[in-house]
Every structure is written in structure tokens, then in C-alpha cells.
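One chain, chain A, links the two complexes that follow: it is found with chain B in the first and with chain C in the second.
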Partner chain A sequence: MSNSFKRNKKLAIPFLVPSLLVYIIFFIYPALSGLFYSFFDYKGFSRDKTFIGISNFVEALSDKIFWSALVINLKIMFFGGLFIFLLAFVFLIIFQCIGHFKGTIRALLFLPNIISPVAICILWGFVFNQNFGLLNNILTSMGLENLIVPWLDPEHIMGSLIFVIVWTYVGFYFVILLSGVSKIPDSVYESAILEGASPIQTFFKITVPMIWDVFTVAVVYWLITSLKMFELPFSFTGFKPRMEIWNLPIYIYMLGFGRNDAIYRIGYAAAIAVFLSIIVMIFVQISRKLMSRESIEY
Partner chain B sequence: MEFRVKKTAKVLCYLVLILWCLIVILSLAWILITSFKTNRELYQEIWKLPSSFNLDNYKKIWDLYDLSQFFLNSIIVVPINVILILVLAVPAAFVLTRAEFRFRSHILSFFIFGMGIPVIIALFPMYFLLSDIGLLNTLSGLSLVYIATSLSFSIFMLHGFFGSYPVELDEAATIDGCTPFQSFIKVVLPLSSTGIITVTIFNFISIWNEYMLALIFIRDEAKRLLSVGIYALQASMQYTGDWVTLFAGVVLALLPLIVFFVLMADRIMDGLTVGAVKG
Partner chain C sequence: MKRKLTIVLLFVIAIAFAFPLAAGGSSESDEEALEFWCYWDKGHPNDLWMRQIIDDFEKETGIKVNYSNPGANILLSVAPAIVDGNAPDLIDGHCIEMIASLGNDGLLLPLEDLYSGTTWDGSGTFESQFIEGTTTQGMYDGERWFVPYCAHTSCFHYNKAEFEKRGWEIPETWDDFIAMCDELVAEGIAPIGLDNTPLYNAYWFYWFMERICGTGAFWELATDPTGAAWDNPDVLRAAQMVADVSKYFINGWMGNVWPAGQIAWAQGSAIFHLDGSYIANELFDKVDEDFEFGAFPFPAIEGGKGDPASKEISVMGFAVPKDAKHPDLAKKFIQFALQPKYQISMMETYYPTTLVGLDDEIPDYIKDVYAIITSDGPVHMMYDGLQSRGEWWSTVFYPVDNDLIYGNITPEEFVSRLKADTVAYLNK
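The block that comes next holds the complex of A and B.
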């Protein structure tokens, strides 16, 4: 290890302590307390709580809403991720075939990521609206009336939500993957082109293997983002999220703060939050195991 | 890098990308145009231009719905938060990347681990913690929570940037007689400006748009942030049906971000590039 790294040791305490303190007091300590609450029957009106062991966890396992919310989480994670990465890779291939306006196109693809989830939901709510929505208008004008469905009804709402999620996030993952591509030396591509490889071939033989580590980071980041996603599904159906799109974060919020009947089941909500944290960690570990391999040096 | 492909294929590539970009532009344009309409115009001709561009909705939202107050709150609180996050995260990420001491990698993992914790698990304890120290229903209390929950991602990103320049730079500074602190200020910070700007922008966007924590921890209407103001406005639509006013609010909430983005787009993209590859 270099000398300067040893010299920087003096800075470690003054540089680390302030952020560690804030991080521990206002995030880690509350998170651990949340874990602690999950073993209590805790209604949240007062600070009285009774220890009930793992009853909250046992209850969750037979709670239908818990399971349906978990399924929603997994659907968003799996289908959202599938389409986001498929599209991002398609954009990556065709992006390499064009010469002009690359900067502008990249910026516009990314743009939805800065729009507030509430605005996104209002916008797409009007597009999907059954009576006067843009989508059904277009389908009618194209003579495709038989394709018209109530996009926000229970049986179609998941598809619509996932579409909006893909629309929002694809640009972000495209830019991440593109960042990996920009690190591949042009000479690698040039020799491939000289040997007559097509863009599709070079994509699978060169691009994908060489950006595998960036791809792994992107996938892990998506797993975390998608499993914790709250704002987009929460405001998707307007002011109150409809049950068909309650994922685990929304269910936890509803149990704790969001109900009209003033039954605040904080202990139970905490138990579900613990399940959610465990699920996030399991998926992150699995994906890292599945995707880990020797990184390619170039 | 650009591939040489057949002309038709090239045209097709452009078409797909332009179509996607067009959808993005048109959706934003539609929000903007609708904000100048009256409710009657919205319902009659939802996808047409308004007969006249009147600013009534903006006046209404600014005065009647108190959005001016919320806007002011956000425009003060969010930048302060973003700066405080940098003040904490930049030095921490620096020593965690470019210093050698015991438990260094453990502390780094401890910070990064926070990215996997759903904030919602800490929601109720945070609520009680803030109420115990008298910071519930205050913007400083909310800020502390924002800062604490943003540190993981910020340190993770900055770690990538600090790792991406050669050790020789620190050594050169050492030979020039700089103390470690001086070389941090004079050599490291200027070199990491891309990273610092990227982290700034990310935190700005996410805190500006965040509304779950702001909704729960702030009860006083006068202290509301813009994101919550917009959310509350959306909630009141079920009674008022005054959609065009809501659109004016959405435009106001989007405006600072769009300006920010137009000015900084290239830096964001380049920043993402370095950070992600190293992360």
C-alpha cells in the first residue's frame, strides 16, 4: 500500500465520525428499532407494547394481503426488469449504429428519471383513461377498437403500471450500460468489423461480455430499486393506491399511517418491513452469485 | 464508436430512437399546454391546444393553494440538504477509498449495506426519535432523516470516483509538501468535481421529488415541501375536479429540475459513466 494512503490515516477519524454519527443515529438505529418492534404487539397510540415473540411474522405468513403484495413486488421486479434491460440493450445496439445527435438522444432517454412520480402518474393516468384517454383515442383512429380495454381496471392495471415503470427507468439503465460500452477501446470493435462481424454479432461476442460487470451493478441496483419502490405505484391510481397494486412498501405504509380506521399496527407493519428487507438481501445475494464470473481485462 | 450499416437500417435506428424521444417530449409538452387551459377545454378537447394561453391557473395555484410557500420551502431546504450530504459524504468516501486504517473495508461495507435497507422499516422509529428530540414537524428533523438515508448511495458513488484516479497524484502532492488535509482540498476535490456534481444532482432530484417521509414527518401546512403540496393537490382533485390547476402545479415543480437538467445533462451522463464503471 502506498505511503500517501498511510499518511491519510490521520484524516480517518475527523472525516468519518460526523457521517457515521448521522448515519447511525438517524438511519441504522431506527432501522434496528424497527426490527425490534416486529416482536411486539404495538398499536402506536401510546408507547406501551407487549412482547409477543414471532407472532407478527407467523401472522404475516397467513395474511392474504401480505402474499398478494409480495407477488406485486416480484412482478414489478421481474417483468419491469426484463423489459427495462431488453429495451436498454436494444437501444444500445441501435445507438451504436447512428452517428448524429447522440448527446441529445441520450439526454432525452434519461429525462423521465428526473420527473416527479406524482407528475408521471398524472400524465399516464390521462393517457390510460378509459373514456377520453389518448391511448384509446389512438386505437380508435387506427380502427383497432377491438384492442380497447379499460387499462386501469383490476385485470389490466398491473400491465399499465409496469409499462409506466419501464418508460420511466429504461433511460437510466441505458445510460449505465452505455457507460460500460464507452470504456471498450475502439480498436476491439474495429478489428471485429474488419473481420466482417455484424453489429448484432459484435454485440453478443464483444459488448455483452465486456460490460458484464457494469451489467451486474445495474441489475443489483434495479433489484433494490424495484423491491423498495413506493412513490410510483402509490400515486398511480390517484390519491389512494388501489389494493390491486399494493406492493409491500405500500402495505407497510397503509398499516402504519394510511388508514382511515385508526388501527395503527406498527408492530405488524415492522414485521412485514423485516420480511421485505430479507427479501431484498436474498435477491441481491442470488443475483451476485448467478452473475459473478471472471471479469475480462482489456 | 459507430458501426457502418446499410442506409435503411440506419434510418430505422434513427426512427426508433426519435419515436421514443418524441414520446418523452410530447408528454412534457402536454403537461405544459394543459396548464394553460380551462377545465372545460381540458374535458372537451383533451389533446388540443387551448384557445388562449392564460395564466389564471398559475395565479390560482400560487396564491390560493399556497404553492408559493411550499415552493419557497423546497427551494431553501433541498439545496441545504444536498450541501450537507456532500459535507458529510465527500470526506468519508475519501478516507474510505484513499486511506489505510483498521476496519476500513468493514466501515465501507457498513455504509453501502444501507442501500439495501428499505427506509420504510425505520419509519416508525424515526417518527418517535424525532418526536423525542423535539424535531418532529420541523424541517430540520426531516432534513436529518434525508441526510442519513442519502449517505449510503452518496458514499457508494463517490467511492467509485475516488478510486478512479491514480495513487501517484496523492504522492506528488505529498512530495510538494502538502499535508494530507491540504492535498485533499487542493488536489482531490478539484479532480473529483465530476463525481461531486453527479452525486449533488442525484440527491437533488431524489429529495426534490420525495414525498413519503415529508408527508409523515411534517404536519404543519406552512412547512410543507413542494412535493407534498403537489401530492395533496392531487388528493384534493377527487373533490374539486380542478385538474388544470394541478397541471400548473406540476409544471412549477418540474421547472427547476428541467432547468437544472438542461444545464447539466452532459455532466450527469459523464458522471454516471465514471461512477458506475468503478462501482
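The block that comes next holds the complex of A and C.
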């Protein structure tokens, strides 16, 4: 190791310390505090707390709402992810085939990501409203009255929520995948065209394999995002989230803080948050294993 | 070079830590200021009302008020502040939420000395100015820690113009009410408009229990570890009535996300709406010009053991954290804010007063709810006070109550499931 490298390493330390401090204060410390409180019966309004060992974790395993909330999480993760990546790839194909308006299309697809989730929920609340909502009015004007349903009733609300999640996130993942595509040299595509490959063949034989590492990162990011998703489901049914769409983050919020009829069990909420972290880690590891491929270099 | 870097680093760290300290730390100048954290979001009519009181208070007393708006989630801000020893001097909000969070643990200051003192102008005792039953909901060890500035009740709301048009009178009994609903159904009009929210869905079983079994019976269901209270046939009758009344709900109500259902009612899609008395505040700008807010209490039920005159009162108001640094300033402000002139201006925001003697000042749109609140009869808390048992209420009762009102289970299944779940919950 050269002296200049050692000197540069030392030089890096003072630049890293501020961000490390921020990371420790705002992430490591709260995370460890959460783990600490998960072993206590703690309400959060005073320093009084009772050590109860792993009781909170044992309770969670027999808690019906914990399991139903986890199922909601998994539905959002699987179905939301399936449609998001399916559509993102469809948009990629279209994007590669068209010559004009690429910037406009990219901006339009990304637009929902810069809108507040609460605003998105209000917007879609109006669209889905069964009495004066845009969706049912469109169906009526098209003579499709038989398709009209209360989109936000207990039977349909999950599908409506997943639709809104897909609408919100597809542009973001499309842009991530597009960033991978932009790194593929044009010469590769030119060779393929000279060899007579169709756009579909080019997409599956060149684009997908060559952006696989970006796709893997995007999937991992989606797993994390979907499992800890809070704002959209929370705001989707007005001032108080309906139980049909309580996922684990909402349940944690309700247990710890809530509104109107709050529970104030910070310790138990922390235990479920620990479970959620473990679940996230498990899914991330599984996805990384399943999606690992040899990277293609060009 | 190394020394320079160290100096730069120390400077950066010092700046980084100095900012939050400067922002959040106390200084000499605010030592005598009242720290008031308010429930109302910035810009809400009640926030503007509160700001007017603060302005007047500061001018009249020379006491500075540091006013901030954590908003409806105020308790999320108050909790860490109390734990860190930085409790505000004064907070406000729903009494029931404070009972569950702070009141039951004795974390709020008793205000009996304030009640036994005088009104701001010294014309009478502070206590004597309140409507009966509004001051005793927030108590710990026999002492009151809450001072209410507005009172609410849940009741049926309707458009008086519609009643006049039909020549209807206020229904005295449930049978009268159902007869009106049947008439509407025959005309193809939806009788009851509502939003699908667990909180509002729970109104029905709660009110049927109140009228059929009486005050305290619902509370007993939630707190009886043996589950025997659920075996009372009247409980099944209340559940059956929930199942029966749901057929009068507006078509597709289960898809109504708040406030869609109440707006639909306000715009004439349904005739009755069971809700809190804050409804006029939420809907005043969504009704037609000829709409006249009317309200009547939940009707008496034949054979019911509950007092038909029993009325619900839920209160919003002030409380002082036990660790407040300036409790005397807080009490002084409360005394100041509870002057009749401020109650009159509060009623302009459609919120009913907690003070007596203002009958001539009550605006038309809250006259009926004020009449309910001040009527003769025993007082009970909203949902029989069960919101203070938040875990049972949210995780045991809500799911089964929703299933009943959705028609997913029979009244018999409702009773047996809740009995089993309650016993399991209370004995875990």
C-alpha cells in the first residue's frame, strides 16, 4: 500500500465522520432503542417500563391482526411488484421502439412520485367514489354499467389500493431500469439489428440480461419499500385506515400511537417492528439468492 | 494540514450540534412564557379562534404565549416531551384521548383549585359556569384534570327543511324512526347516509346497547373477564338491531370513504345521518342554501332498560401536564379563555359551548345539538368510555363489529365471537 493511499484514507475520515454521526444518531441509536423497548411493557408517556423478556414477541405470534397485516404486506409486495415490473418492462419495450417524446413520456410516468401520497389518495378517492367518481362515470358512459362496483368496499378495496400503488410506483422503477438500459452500448443493438433480430428478441436477449444487475437492485428496493409502505395505505381510507388494509406498518402505528382510540403499547409495537425488520431481511436475502447471475461486462 | 482539518471538523460538528440546541433549547427570555401546544392545525377555524384569545391574553396580562400547532396528533409530540422533561405548560384536545394516554397514569395536573376559584371577571365561581356533566370526565384519584371548552354529542342529523316539507315530527321511539325509514324506502329514497369507518360503524351497537341495556352495560361487556355479561339476551337483541338497521343504509355505503358518505347525505342523497355534533362544522360549505341543520337524540327503544333521556357528552378542552414549568400561567390562561365572549365566538365555528347562560347566543345550526347537551337526563361518555380501552376497542371489538354490520356474520355469531375474543383478551 503506498503512502499516498494511506494519507488519502486518513484524509477521508474527517469527511466521513459527520455523516457517520448523523447515521448513528438518527438510525443506529433509534433502531437499537426500538430493539431495547421491544423487551418491555412500555406506554411511551413516562419513563416507567416493565421488563417482560420475549413476551411481546410470543404475543405477536398468536396475534390474529399481526398475521392478517402480514398477509396484506405480502399481497402488496407480490401483486404490486408483479404489475409494477411487468408494466415497467412493457414501457421499456415501447420506449425502445419509439423515436419521439421520450422525455415527455419519462416525465409523465415519473410524475406520481413527486406528488404527496396523501394527495394521491385524495385524488383516487374521488376517482373511485361510487356516486360521483370518474371511474364509474366513464364505465356508465361506455355502457359498461355491469362493471360498476363500490371500488372501496371491503371486497374491492385491496385491488383498488394495489392499483394506486402500481400507478404511483411504476414510473420510478421504469426510470431505474431505463438507467440500466442507457449504459448498454449502441454497438450491441446495432449488431443485433444487423443480425436481423426483432425488437422483442433484442429486448429479451440483450436488454434484460444486460440490465439484470439493475433489475435485481430494483427488486430488492421494491421488497423493502412494499414491506414498510405506510403513507399510501394509511391515507387511502380517510382519517382512519380501514382494517381491511392494515399492513404491518399501520398496525405498528396503531399499537404505538394511533388516533381517536389509540392503544399506546410502544413495547409491543417495537416488537412487531423488529419482526418486520427480520421479514424484510429474509425477503431481501431470498430475492438476492434467486436473482443472482453472473454479471455481464461490456 | 492535519491541524487545519481537525479545526474544520470540530467547527462543522459544533455548528451541527449548535443549531438544534439553539432551536429547541430554553433561553432566559422565554422563562416566563406560557408554552401552549394546540390540537388544532394551523389555519383551522378553531386555531384562528385560539390565536385571538392568545392575542387578547398577551395584551391584557403581558404574559407571552409560545403557541405551536402539533395538530390532531398532539399526543405524539407530548409523549416524548414529557419523557425528556420538556413538557409543555398547556395542551388541549379530546378528553377521551387524554384519559387513555396521560390521565389514567396521573400525568396531568389536578385543576380543582381552578374550579373552586372565580371566573376571569370574578362574577362567580369558575365551576358554576359549566353545563352539568361536562367537567367530570377527566378525573384521577377523585380530582379533575380537564377543563372543557366545547361539548359534543352523537345524534341523528337531518335537514329541517326536508322534515317541514314532509310534515314530519322528531321520532320519539325507534319504531317511529323505522316507520319513517320504511316510508322513504317505499319512495326509493335512501334513509341513512354514512361513511364506512370502524369508528362510525361502532355508533350503532353502542347506541342500541345504551338504549336497550343502559349506561355502563357496554363497558361491562368489555371488562368482564368471565364473559358472562355477553350471555344477557338484550346484548343479542342489540346486535340483531344492528343487523336490521343496516338494510336502511344508503346503497353501496361500504365503499364510502370519509367524508364521501356524509357529503352525500348533506347533498340530499339520504335523509338521516348518525354522527357527532361537529358535523355542521365539517359540512357547512357543502350544503345547499336552504339546508337547515337539525338534530335529534337516538330514539328510545321499546322495552329498553336504558334511560331514554340519557345523553352522550364528549368534551374537548384544556389540560396541564404534571411536569409543566409554568402551571400557574396555564391555569390563568384557561380561566381567561373560558370567558363567555370567547365561547360565543367559538360557536361561530359550529362547536357547541360548555357554558351555561348562553342560550340566547346559540346559532341556529347548533341549536338542536345544544338542546340535547343541556337536556335533562343522565350523562354518559361516547361509546360508554370504551375508547379509553383502546386495545380492546380497536383490535377485539372493531373487527367483529365490522363483520356484523357488513352482514358477514349473524348476530348470534357476533355475540359468541366477541364473548370468546374478550375473554381471551382479558385473560392473556
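Note that the second predicted complex is superposed on the first by the 286 of 298 C-alpha atoms of A that agree within 3 Å, B and C clash if a C-alpha of one lies under 4 Å from a C-alpha of the other, contacts with A are read in each partner's own complex, and residues count from 1 in each chain.
The definition used in the following text is that a contact is a pair of C-beta atoms (placed from the backbone, for glycine too) under 8 Å apart; a residue touches a chain by one contact, two chains touch by 3 or more.
None of the values given here were measured: they were computed from a predicted structure.
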item: Touched partner set for A:80, first chain B, second chain C, both or neither; value: neither
item: Partner, of chain C and chain B, that touches more residues belonging to chain A; value: B
item: Which superposed partner A:130 touches (first chain B, second chain C, both, neither); value: second
item: First, second, both or neither for A:154, with chain B first and chain C second; value: second
item: Touched partner set for A:238, first chain B, second chain C, both or neither; value: both
item: Partner chain(s) touched by A:257 [first = chain B, second = chain C, both, neither]; value: both
item: Which superposed partner A:119 touches (first chain B, second chain C, both, neither); value: first
item: Which of chain B and chain C A:11 touches, first, second, both or neither; value: both
item: Chain B and chain C footprints on chain A, overlapping residues; value: 11, 14, 18, 44, 47, 238-239, 257
item: Of chain A, residues touching chain C in the complex; value: 11, 14, 17-18, 21, 43-48, 59, 65, 125, 128-131, 149-154, 156-157, 236-240, 242-243, 254-255, 257-265
item: Residues of chain B touching chain A in the complex; value: 1-5, 9-10, 12-14, 16-18, 20-21, 23-25, 27-28, 30-31, 43, 46-47, 88-89, 91-92, 94-96, 98-101, 104, 107, 111, 114-126, 128-129, 144-145, 147-149, 151-152, 155, 167, 170-171, 173-174, 180-181, 183-184, 205, 208-212, 216, 227, 230-231, 234-238, 246-247, 250, 253-254, 257-258, 260-261, 265-266, 268-269, 272-274, 276-277, 279
item: Interface residues, chain A side, partner chain B - complex; value: 1-12, 14-16, 18-20, 22-23, 25-31, 33-35, 37, 44, 47, 90-91, 94-99, 103-119, 122-123, 126-127, 132, 134, 137, 167, 175-176, 178-184, 186, 189, 193, 199, 202, 214, 217-218, 224, 227-228, 230-231, 234-235, 238-239, 249, 252-253, 256-257, 266, 269-270, 273-274, 276-277, 280-281, 284
item: In the complex, chain C residues that touch chain A; value: 5-6, 8-9, 12-13, 16, 72-73, 75-76, 78-80, 82-83, 94, 97, 100-102, 105, 107, 195-199, 252, 254-260, 264, 269, 387, 390-391, 393-395, 398-399, 402, 406, 428
